[in-house]
Amino acid sequence: MKYGYFPGCSLERNAAAYDKSARAVAEPLGMEFVEVEDWNCCGATEYISLNLLASYALSARNLAQAVRTDGLGELVAPCSACYLNLTKCDKSMRESPSLAAKVNEALAAGGLSYKPGSMRVRHLLDVIVNDIGFEALRAKVTRPLTGLKVAPFYGCFVARPGYVQFDDTEFPVTLDRLLQALGAEVVDFPLKAQCCGGHMTQISEGMGLEMIRRLVKTADDRGADLIVTICPMCQLNLDAFQGAMNRHFGLNLHVPVLYFTQMMGLAFGLDQAALGIGSELVSSRAALAAIGATPEGEAGGPPKRVKKDDKALPMPAPLMRA
Amino acid sequence: MTANGKPKFAMYWAAACGGCEIAVLNIHEKILDVDANFEVVFWPVAMDAKYKDVEAMPDQSITLCLLNGAIRNSENQHIAELLRRKAKILVAFGSCACEGGFPALSNLTTVEETLDTAFFSVSTDNPQKVLPQVSFAAAEGELVIPHMYSVVKSLDQVVPVDYYMPGCPPESEQIAAVVELVIKALKGEATLPPAGAVIGAGTSTVCDECKRARNEKKIKGFTRIQDFRPDPALCLLEQGILCNGPATRNGCTARCPTAGVPCIGCYGPTDGARDFGARLMSAVASVIDSNDPQEIERILDGIPDVVGSFYHTNLAGSLLKASKPTWEEEQHAAPHN
Amino acid sequence: MTEKIGVYICHCGSNIAGTVDCPEVSRWAAEALKARGVVVARDYKFMCSSLGQELIEKDIKELGLTRVVVGACSPHLHEPTFRGACGRAGLNPYLCEMVSLREQVSWVHTDKAAATAKAKAVVSGGVERVIHHEPLESLRVPIHPATLIVGGGIAGIQAALEIADSGTPVYLVEREPSIGGHMAQFDKTFPTLDCSACILTPKMVTVGAHPNITMLTYAEVTNVDGFVGNFAVTIRQKPRYVKADLCNGCAVCEEKCPKKVVDEVFEAGLGYRKVIYRPFAQAVPKYPVIDRENCTFFLKGTCKACEKFCPTGAIDFEQKEEIITIQVGNIILATGFDLFDARRIPQFGLGRLPNVFSSLEFERLCNAAGPTNGRVVMRDGVTTPRAVGIVHCVGSRDKHYNNYCSSICCMQSLKFAHLVEERTGATVYNFYIDMRTPAKGYDEFYQRLLEEGVIFIRGRVAEVTDVPQRPEEEGRLVVQVEDTLIGQQRRIPLDMVILSAGLEPRHDAKQVAKMFGISCSADGWYIEKHPKLDPIATMTEGIYIAGVAQGPKDIPASVAQGAAAAARVMGRIQQKEIALEPVRASIDETRCSGCRICNNMCPFNAILYHADKAVSEVNPALCQGCGTCVAACPAGAISGTVFSDQQVLSQLEGLLLRNLQPATV
Amino acid sequence: MTEVFEPVIIGFTCNWCSYRAADLAGIGRMKYPPNIRLIRLMCSGRLDPTFVLKALASGADGVMISGCHPGECHYLEQNYKAMRRYHLLKRMLTQMGVEPGRVKLVWASAAEGARLASEITKMVEEVRALGPLNWPTAGAAAALPEKPAALEVPA
């Protein structure tokens, strides 16, 4: 399958590992990425609140470029922020012809124009889960992540009602199922769709670090060896600021944060270097040592609740698990 | 009343293949009864005669006139009107006169398209690209040939008709029977059916006379006899062959299905049906064995030419009669028609 | 033109006259349609009034009308009225045609000229059609005295008792091993707080003992044939593996059975039951069933503890399922509801967080006969909660799940609040959108709870979580909610959360509806004949609905509907026979060639094929008059009364004004 | 010509769903153009393609066939027969050069008054855009002599 590919700034810098691993797993899954020519920043998270028209113009330019680069009509954005901005731009232009006109006026300056709806923007997770599918994934697994306990973290960008269609926006499950398909044990992580703090650490450090603490602490409480994310911003916050957070709260948490594509690569038996593993600040070496340590069969499925005593009442089995 | 005191008989051939004429001759020795009881005054196929002779006859002087063929051009209409004036009993004879027959299928196309196919397609060797003109100025003066209509009509669409005798052609046995009836009537030994009646045919449909075994019908796909070997003992429709028998008036002894080919509906609709094709479509569609739009469409793909299959010999007699473009052409042509 | 036609245009006050020039329409009819046989046309303020009807009767008598056309409201409202008028005047009722000038003209159009023109066309269509009407007698069908009631909940029980007491036989079919339905699972009923079992079980016992009631529990209807007055119903009796005639209900078997499984049905998954069991102690009938899936004997071939200990030898592992066929005249569907599965809203935590309970779980929890004998405790079975939250509208009034209000949740939640408060002294929070307490004594109950100090927070709950943000939240549940009365986000730490789940149609309601030939609304509830004037009948003659199956309602309303349905059925049985529209198909043998195309057109198997004569025939008793075979017959050998080809084609000509002389258009 | 063309559309309705939907639209005072004239059948399964052809041949510019949603037929499954006939009829009409927009099949349950009203409004506009069909009703059989021509028996 062929897709337009929009890496976005992060994947060229801090999230290079994401880009690397995404391209690495694309190949065995038969996905071909055609990178958008001469793409630009999507406007990131704040710009849209400062200058709506300008930020839409930025995103629209990328969409126009995507249409120009390849007539595929489907654009994959691995970065959740880019994904949301591009989606938002297309949707808003579709819903407001006057906005679309203004934006196109701006694009015209660069000899470009974009017809709303002509590019379907999709998140990499969506494409892998819905186009490739869990069966195809399982088929590619050569080294199941058996014995590895992971906390799936979606972040807030893919949990925006009205913009995101590929998963439940209150309580997404696609990443849970994907990780289970890879053989990992998924811990119940209720904060999976919460905000990682975005750039809060730069605006109000205490608040930013508190948000990070909640996420890392909860993952740790739930016994996760790893946090698996689908967003460079989330990875950056939870990984790069984990040390600062520990110092700020006098904690000593050590929960590595990897991209789901890296987990896929591992399960497919690819070389760790090829997946950019090791570039994370909170080292995942110890955690990954667990892979293959425990024999088959023990892993997978929800943790069994041990009855305290015969007085305990039975409870309904959870629905949202794969 | 003529010298020999015999009632007069006429037969005419409008837009038709001539099969009807052959069918009449096919009544074998009964043809002698015709001669014995009638004086044949006008029958272009059988004997020489000129239009002016007919024009010279007093009105109502022909007792029985069998007119076969559809009304395709101005000449057909002219003679139809002429014979209507001259004849007491005018019988629309054969599918073409009754409902337009095969010629009426050209109501799906315009005259231009028809002429184009006839004169310029592979079927005709016409290097000079000659196309007949309605009028031609010859040295002797202007020569005129009949003007061709866009919409082929049945006989009763241009003149009142007393009786309808369907069939492509009508079965010789039936013809013989009708002739006998008329002769009896002449002798006052029998009475004729009410005007407008269909004669020489039954009241139910071809299936009545068809020997093939029948079950509840469920059609999963349509096919044609050239595509497979049908079960000789089983209803053709049940085998996916679009047989018109169920909707077609009986009287032909189900010749076609018996011979292994599907009925084409030449005996036309029964008294209960206003539009042959619509009835047949309703019936056939009803037994398509699917409730899924896509699958239904797939099954219907097995009928490449819907109008041709459901209005094989009845288009002129149908409710719509001709395609929209054909009507439009006819209306533009109307004034100088 | 031999017919003498009278045309009557109703003003319906200003309902029609407001948009349609009625006098003009009748004037036009008298003039333009004279050639078609119209001898008189009148317009009148209210045709349906006795004076209006007399107008018609008078003309029939004095002018010798042979056909009548009434242009008024929808025939679904007043067709019987005007047919009646014709009948009284000695004209066959079926020679009257009613056309809708109100619902389908005046009420939906605004331009008076255009509406008047359409009205003329519609009347002209009626005139052309009525010419081809034929005098008919309505079909009279005998009513079989027996009644089938599907569903042994409170609505079904009420209906069964009413009918049985009137002296006619009733079959009560229940899917579960005992009748009683959801009401049997409750501890208390709002607003009176009287014990549910105490008021229900006496009725159950009466049903069990009633000479006119045949109870078929642990059984399901699998097929329905026939029509009003004479349905043939097939019922599948699942094997109990217990001989009803021998069992004395001593329950020793239950006691001795070594295997315990979670009871997903009656205990709502909160408690256990044995593998041979009665759902609850007061079950009716008294004899138990063996749950084959879990029975050690059926799984492993050994055990038979129940058999060993049964004093009467009632256990029968050989028992097979039985197919029973019964004849009934009427059917009442009281199939009830399914509780909304709150696990579908994961952020509320049911199934993830131990101390989140569904409303039905809580009913069992606080039920004296429940798994904790009525002690309100947390999932560990021992700890008493100190703070309990009750979330309203779970799965109701929510565009992601169900738009409708489940109507009982507010009162149910108030009842829970009271019971928790009474039994644990815990602080109780109610999280609601709107408080809906409309019926008798309901709002008083709400007032009472306010006085009892229950806390009410107006706002939709965002999530129920066990992730603490503040020390006081450690190890507890937290409800995140926007308090819309103070306009603030709040996090309320709690020990236990009860989700007041809404009511949903039975998961198989659509199939059941199809089997009984009725239809479901978009939400999936059975559709009643008229939302206001006939909430218990359906579009299908002889099929009635009662209880929540028709739409969310509380116990009093369900009981009332059960009784109402029963009254309707009893009335029918009293009449002994029922008159049906004579809309039927018939086949002209002389035209039928036996092509058999119509043979599989009829879902009611009314068409039979006579191989000997090679013709098909319609059985008028089974024919429902849909006319599908009429349209399918390639020979035009099948004709349908009231909707004949001739009638429809003529109405077409009329509607298109092809009938005017000289032909206009 | 400046004046707008007002099409005439014949609507075939099912007694149990779409006819009641039409009533419901009325009760709810929902507005739709007066260009449609309804005929009540007991079921869309009663619809004989002859009716549609007759309507078109008699001056209607469009025909709307309406019935219960698939699976919700009052007579269990007859609307499927209507659907099958409709698919075949559409092919025939296309071959006859009749624009597809002129004959439509619309499912509307008894509860869907609003839906029916909007479907009607939509169709009226579509047909208005297509312009008049005015199918030539030429060729209607000429009047026959009252009784069969009396035969003069030769002496």
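For clarity, chains are labelled A, B, C and D in written order, and residue numbers in each chain start from 1.
The working rule: a residue touches a chain if its C-beta (ideal position, glycine included) is under 8 Å from a C-beta of that chain, and two chains touch if they have at least 3 such contacts.
These numbers were taken from a predicted model, which means no experiment stands behind them.
*Asks:* Looking only at C-beta pairs in contact, point me to the busier pair out of B-D and A-C.
*Replies:* If we tally the contacting C-beta pairs, B-D comes out ahead.
*Asks:* By CA centroid distance, what chain is farthest from chain A?
*Replies:* B
*Asks:* From the mean C-alpha coordinate of chain B to that of chain D, what's the distance rounded to whole Å?
*Replies:* Centres of chain B and chain D (C-alpha means) sit 30 Å apart.
*Asks:* So the centre of each chain is just the mean of its C-alpha atoms; given that, what is the distance between chain A and chain C in Å?
*Replies:* Roughly 47 Å separates the two chain centres.
*Asks:* Can you check how far apart chain B and chain C are, centre to centre, with Cα atoms defining each centre and the answer in Å?
*Replies:* Computed value for the inter-centroid distance: 57 Å.
*Asks:* Mind pulling the residue numbers of chain B that touch at least two other chains?
*Replies:* 273-274, 279, 282, 284, 286
*Asks:* At least two partner chains per residue is the criterion; list those residues in chain D.
*Replies:* Expected reply: 48, 50, 54, 77, 81, 85.
*Asks:* Mapping chain-to-chain touches, which pattern fits: line, ring, star, complete or other?
*Replies:* Topology of touching chains reads as other, fitting no named class.
*Asks:* State which pairs of chains touch, listing all of them.
*Replies:* A-C, B-C, B-D, C-D
*Asks:* Touching residues of chain A toward chain C in the complex: what are they?
*Replies:* 168, 170-171, 188, 190-191, 214, 218, 305, 308-309, 311-320
*Asks:* What does chain B use to touch chain D in their complex?
*Replies:* 1, 5-7, 60, 63, 88-89, 108, 151, 153-154, 156-162, 185-188, 192-196, 273-275, 277-279, 281-282, 284-286, 288, 290-291, 293, 296-297, 300, 303, 305-307, 310, 316, 318-327, 330-331
*Asks:* Give every residue of chain C touching chain B within the complex, in rising order.
*Replies:* 588, 590-597, 599-601, 614, 628, 631-637, 639, 645, 649
*Asks:* Spell out the part of chain C that touches chain D in their complex, as residue ranges.
*Replies:* Interface residues on chain C, with respect to chain D: 74-76, 100, 102-105, 107-111, 114-115, 117-118, 121-122, 125, 514, 517, 519-522, 527, 539-540, 583, 601, 603-604, 624-628, 630-632, 640, 642-643, 645, 648-649, 651-653, 655-658, 665.
*Asks:* Going by the contact rule set out above, which residues of chain B touch chain C in the complex?
*Replies:* Counting only chain B, the residues touching chain C are 203-208, 214-218, 235, 237, 245-247, 250, 269-274, 279-280, 282-284, 286-287.
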